[in-house]
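Heads up, the next two complexes both have chain A, just with different partners, chain B and then chain C.
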Partner chain A sequence: MPMRRWWDRAHPVVGAPGARGLGVGREEWVQVARDAAASGGALLSLWTTQEGEGTRDRLTDSPAEAAVYCAYLTDRGVLIVELALPSAAEPAMYPGLEALFPAASRLQRAAFDLSGVRSSDPDARPWLNHERPYDFIRVDGEGVHEIAVGPVHAGTIEPGHFRFSVVGEKVLRLEAHLGYVHKGLERRFCGLPILEGHRLAARVSGDSAVAFSWAYCQALEGMSGCTVPQRALWLRAACLELERLANHLGDLGALGNDAGFAFGLAQFSRLKEDLLRAMSAAFGRRYLFDIVVPGGMAVDLPQEAAEALADTVRAVCAEASELRGIYDEHEGVRDRFTGAGCLDASLAARLGVLGLVGRASGLGRDLRADVPCPPYTGLQVAKAVQQGGDVAARVAVRFDEARESGRLLLQLLSALPQAERAVAVEPPADGAFGVGLIEGWRGPVLVALQAGPQGSIRRCHPHDPSWQNWPALEYAIMGNIVPDFPLINKSFNLAYSGVDL
Partner chain B sequence: MLKTLRKIASIGVVSEAAPGPDESLRIRRLLDERISSVLGRALCIRHVDAGSCNGCELEIQALGNPYYNLEGCNIRLVASPRHADLLLVTGPVVRNMEAALKRVYAATPDPKLVVAVGDCGCTGGILGECPASLGRVSNLIPVDVAVPGCPPNPVRILQGILTAISAPG
Partner chain C sequence: MRTLDWITQVLEVVVALAAAPAFLGWLNQCRAWLQNRSAPSLWLPYRNLHKLFHKDAVLADNASPLFRIAPYIVFGAMVLAAGIIPSMGTRLPLVVSADAIALVGLFAAARVFMSLAAMDVGTAFGTLGARREMMVGFLAEPALLMVIFVASLISSSTALPAITENLASGRIGLSPGLAFSAVAFILVLLAENARIPVDNPATHLELTMIHEAMVLEYSARHLALMEWAAQLKLFNYVCIGFALFLPWGVARAHIGPVGLLVAVPALAVKLALAGAGLALIETVSAKMRVMRIPEFLATAFLFAVLGLLVHVLLGA
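Showing the complex of A and B:
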């Protein structure tokens, strides 16, 4: 285990179970990356100090060191590696990691747009900065033409631009250009008191509100040394599984629709609505914003409400299982799902694909089973892993995970520990650093948080697994036909807001 | 096929009655009664995410489920602003979407209506105005009706749409 030596040198980081941190020099920065890649670790995130911090500290107005951070997901937990860079005078540059982890490219370019700290990798096109037209990579050849789509799409979805190079209806290459909903989230975090940052975390990607706000609170609570009551942790897990179930139901309906089976959309959107109404009755909100708060939960769940919610979950999951039989037997649906948008296991591993999309391509990572935080430590989550890597595999993973979320929900809701719903949290000391890591419905969601003076936020970096999975979509579409893109894209269902920051 | 048909028959029609308009949502009174008589009840809507977190999008999508049955109210979400009578705009308008939103607005034929959806669209929300975000939708284009909420539920969004097309009270 080449990672072993780094792991042993690293110091514990509060927040996510098993998290560790390590300060390195330039050569070690590359060596850790090599060892992580060689041992099957995944690049989880990469970020730098924020705008202005390269020369002056934003809070204290003293000269500040620039730094670049990298988070690796290993079997033991997350390893945060920090490389300090010479400050001020000349533009800081650090060794790029694109050759080892393809997903690093866009992360490095985004980090440059936000901080002015550049990597040594050759692709230096702006990513979040849209001041100039984007320089797409062109495909030449007889009969090749481009189709430009977006940023405003035909459906009710988030904005982004897709540039297809096609021959006839066959896609030779797709290049996505994102960043259209870049709203300065990291900078906005710095204007919020650290005890209120969970509200913005929930809105990094609204479909993953529980995952991001829990990850934020996990980091913060670790930094504050606060022990969250068991009841709150059980309720958080219930909310996280409700979020997963609701999103999977929505996707399963949309996927049926994109395969020409409108019946699927009607049925699954009805089930999703049933679930949202039950969530609204239980928690006072259809989408679970601002329910995970520092120290615990914003609202409790009385026994009768928990039972009513469990009844709905049971009914919804039973119907979903019945509908799975209908999808499986429908030849038209099966024909569209099977073989479409295939991402094989070796390519998925090479691209460092995470979460649901990875599990559909044989990469069996799931934080809830691998490095579980309470209450998952006692739940024995069954990972949903498929080998096919096509739309059918991603549909199967969703069906399996919906069923497993149903099982977990019934278990959690029937055994909520008796305790208070929240405890008070003190703002952590200036400079304290913590990391939160939660398996959201798309995959692992990371929040790296550093406290500033007087209860402020010095830095907060939220990371959605869509960063890793967008480039994989570009490979999955190759050789497919343009009319299959909506179906394949939906089978990934990646975040825009979550990665545009 | 038999299973599918049996499922359809066993579920029946779950669609609920649409809510009425709510004049408290109206912030601009430009169009008069004649417009709604011109439009009748067939309304084409183009949605634009100008910087949303995707929360409002989920609730707009929910309008299409069988309970709210948007198309049953003679309202369609269309693929191009050139086909639209009304724009449903979410999010604070971020700088990278400024040009796209203005172009969508320009491409929508007159007379047109704009409904801002969600706290961010109404006020700028938690993001407000910052170097990357220009704040509420009405900072960029004229807004007729603003539907607050984070996110507003589908009934509120539908009320906002119905308010926009009904005669000002």
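Showing the complex of A and C:
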């Protein structure tokens, strides 16, 4: 257990259960990464800070100083490693982690675009900065040609550019170029009142509103040392599972539709709509924005409303399992799903794939079961793990998780503890640091939060697991045919907004 | 009788032009009902065409004249095809100009112009669609020809009205040879008209398209003509199916004006049934992988050959 020594040296970090932090030097920075990779840890996130990086709202008077942070997911919890970079005349640079964690590459490039702190890795193409044309990697050979798709698509979907190198219908290589919805979120956080940051966090990726706002609140509540009432935690978990269930239902319908099976779309859309209406009746919102607030919940759930919601969940899950039978037995649908976009377990582990996509490729990580935060500690969440790694496996994981979410929801809603819905939260002291980590529907959502003076935010870094999974999509499509890409892409269903920040 | 023949001829073309959008509308309605959705209006395709004809056309800077004239050629080919398919009467003056084999050639010519126009502007999607369309075409045409040969052998003619006349006068019910051909014909019809399971007319996913990818660059009147031509093609195919396998109700040579009065409602009933049947096929199928299309059309060809063999061997 080489990771053990780092873990023992680290100091506890408030927020997510079991989180620890560690300040390291330049050599140790690489050693920790090596040990984390060797012990099967995953790179959760990487971000940099640079004080006074040309900000108009400069928060401190301390000299310009940069730091790079890296979060690893180990079986004990999250370990945050900090490497302080001395302020010097030359631009700050830190040892890159691309060789150990392929997903680090884009994170490092994005971090450079945001803060000017560069890694030592060779690939230094801008990621979020679109000022110059992007250098795609070209594939040479007889009959190879490129198909450029996006960023404007024929449907109302988020923008992203996909460059396929193909021979006939066969895809040799895919390179994605994102960043078209970059909106300066991290900068927007700076200086906001820390007690209101959850609203912006919920909007990092709208389909994961509960996950992001809970992660934010978890970090904040840890920093200010408040104890969230049990009832609020139960309700937050219910909201998180509702979000998961709604997204999975939507995806299952869309997957059917992309296989040309419009019946599936019609049925699952109806089920999702039933659920959204029940959510609207219960919480006053179809999508659960601004419901998780620092200290608890924005609204309570009366007993009758909880029962009505549970009835809808029960009905929706029963119908979903009926539809699963149709998907499983329909020859055309099965033919499209099976073997398409295969991401095998060793490749998935090498790429550090997270969340739902990882579980479909045999990587059995689920924060709700591995390092549960209350109320998941008492719920015994069953992980949905498949070994296939193809579209069929990702569909199966969605069906399994939808069923498990239904079970959890019924359990949560039937046993809501009697307590207040929220308590007051004091803004944390200047310089306090906390981290929130929640298993959203796509995978682990991380929010790292640092307080500034007078109850403001000094720095907030939200991280969506799509960062890790986008590169995996490029491997999953290799050797498949061009017209299967939309189906494979949909089976990943990764965030654009959540990574373009 | 010559006047009546010309009336029949003009009526056929006018009905095809007028009813083709409605047939697609009906098909979409049936699909929606079968999927438990509320259905769009039957008249939606007309409104679409109306809208498109009133818009200003946008052309790519590098579009050649071919790109501009292709919609007219494709549309013209489909109108001409409508003129030689005996959907309501068998005495069509135009028929001397083209038999069933020429009809297949007419469809092929339209396909060639459409594919050339798709590649003209040089976008990836147009070329992608054109390539797939040619693949579907070169596999579907032999199967279609084989289907027609079975009917031709039975009737000793390659002219569609003669075939219809012959088949309509005979026994009720299909001969075994024709039954096999009918299965082959339905497969070809689905493939040639970009229906599920070969293509998905409702998709917005550029990478999966065949027909839609070819017309992505068209707008306004050009797009309207292309869409109308696609609707006409579907209508024509369904009418070829009626002519070969369900010739009942068609006004035959010896009947006279009363025949037409029966033929119009008969056609309407047959179209309604065909639309519902196609919608059912499309609802219960998923779209197949592009690489499976050759298997699908090879099956069609096999069925058509079986039909031929059965006819030759059994003399039935």
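Convention: the second predicted complex is superposed on the first by the 489 of 501 C-alpha atoms of A that agree within 3 Å, B and C clash if a C-alpha of one lies under 4 Å from a C-alpha of the other, contacts with A are read in each partner's own complex, and residues count from 1 in each chain.
The rule is simple: contacts are C-beta pairs under 8 Å (C-beta built on N, C-alpha and C of every residue); 3 or more make two chains touch, one makes a residue touch a chain.
This structure is a prediction, so every number in the text was calculated from the model and none was measured.
> On chain A, which partner touches more residues: chain B or chain C?
Counting contacted residues of chain A, the larger count belongs to B.
> Based on the superposed arrangement, let me know which partner A:G260 touches: chain B (first), chain C (second), both, or neither?
second
> Is A:A154 touching anything from chain B or chain C once the two structures are fitted on A? First, second, both or neither.
The answer is both, since A:A154 touches chain B and chain C.
> Answer with first, second, both or neither: which of chain B and chain C does A:D370 touch in the superposed model?
Neither chain B nor chain C is touched by A:D370.
> Applying the document's definition of touch, where does A:R270 land relative to chain B and chain C: first, second, both, or neither?
both
> Contacts for A:E322 in the overlay, against chain B (first) and chain C (second): which applies, first, second, both or neither?
first
> Quick check on the output: what are the common chain A residues between the chain B footprint and the chain C footprint?
Residues 154-155, 263, 265-267, 270, 330 of chain A touch both chain B and chain C.
> Quick check: in the complex, which residue numbers of chain B touch chain A?
These residues of chain B touch chain A: 3-4, 7-8, 11, 14, 47-62, 64-67, 77, 79-81, 91-92, 94-97, 100, 104, 126-127, 130-133, 150-151, 153.
> If you look only at chain A, which of its residues touch chain B in the complex?
So the residues of chain A touching chain B come out as 128, 130, 151-152, 154-159, 179-185, 187-188, 199-200, 203-207, 209, 250, 263, 265-267, 269-270, 272-273, 276, 280, 286-287, 289, 322-323, 325-326, 329-330, 495-498, 500.
> Using the touch definition from the top, list the residues of chain C that touch chain A in their complex.
31, 34-37, 124-125, 128, 196-197, 200, 202-208, 216, 283-292
> If we count contacts the way the header does, which residues on chain A are in touch with chain C in the complex?
146-149, 153-155, 169, 256, 258-263, 265-267, 270, 330, 332-333, 335-336, 481-486
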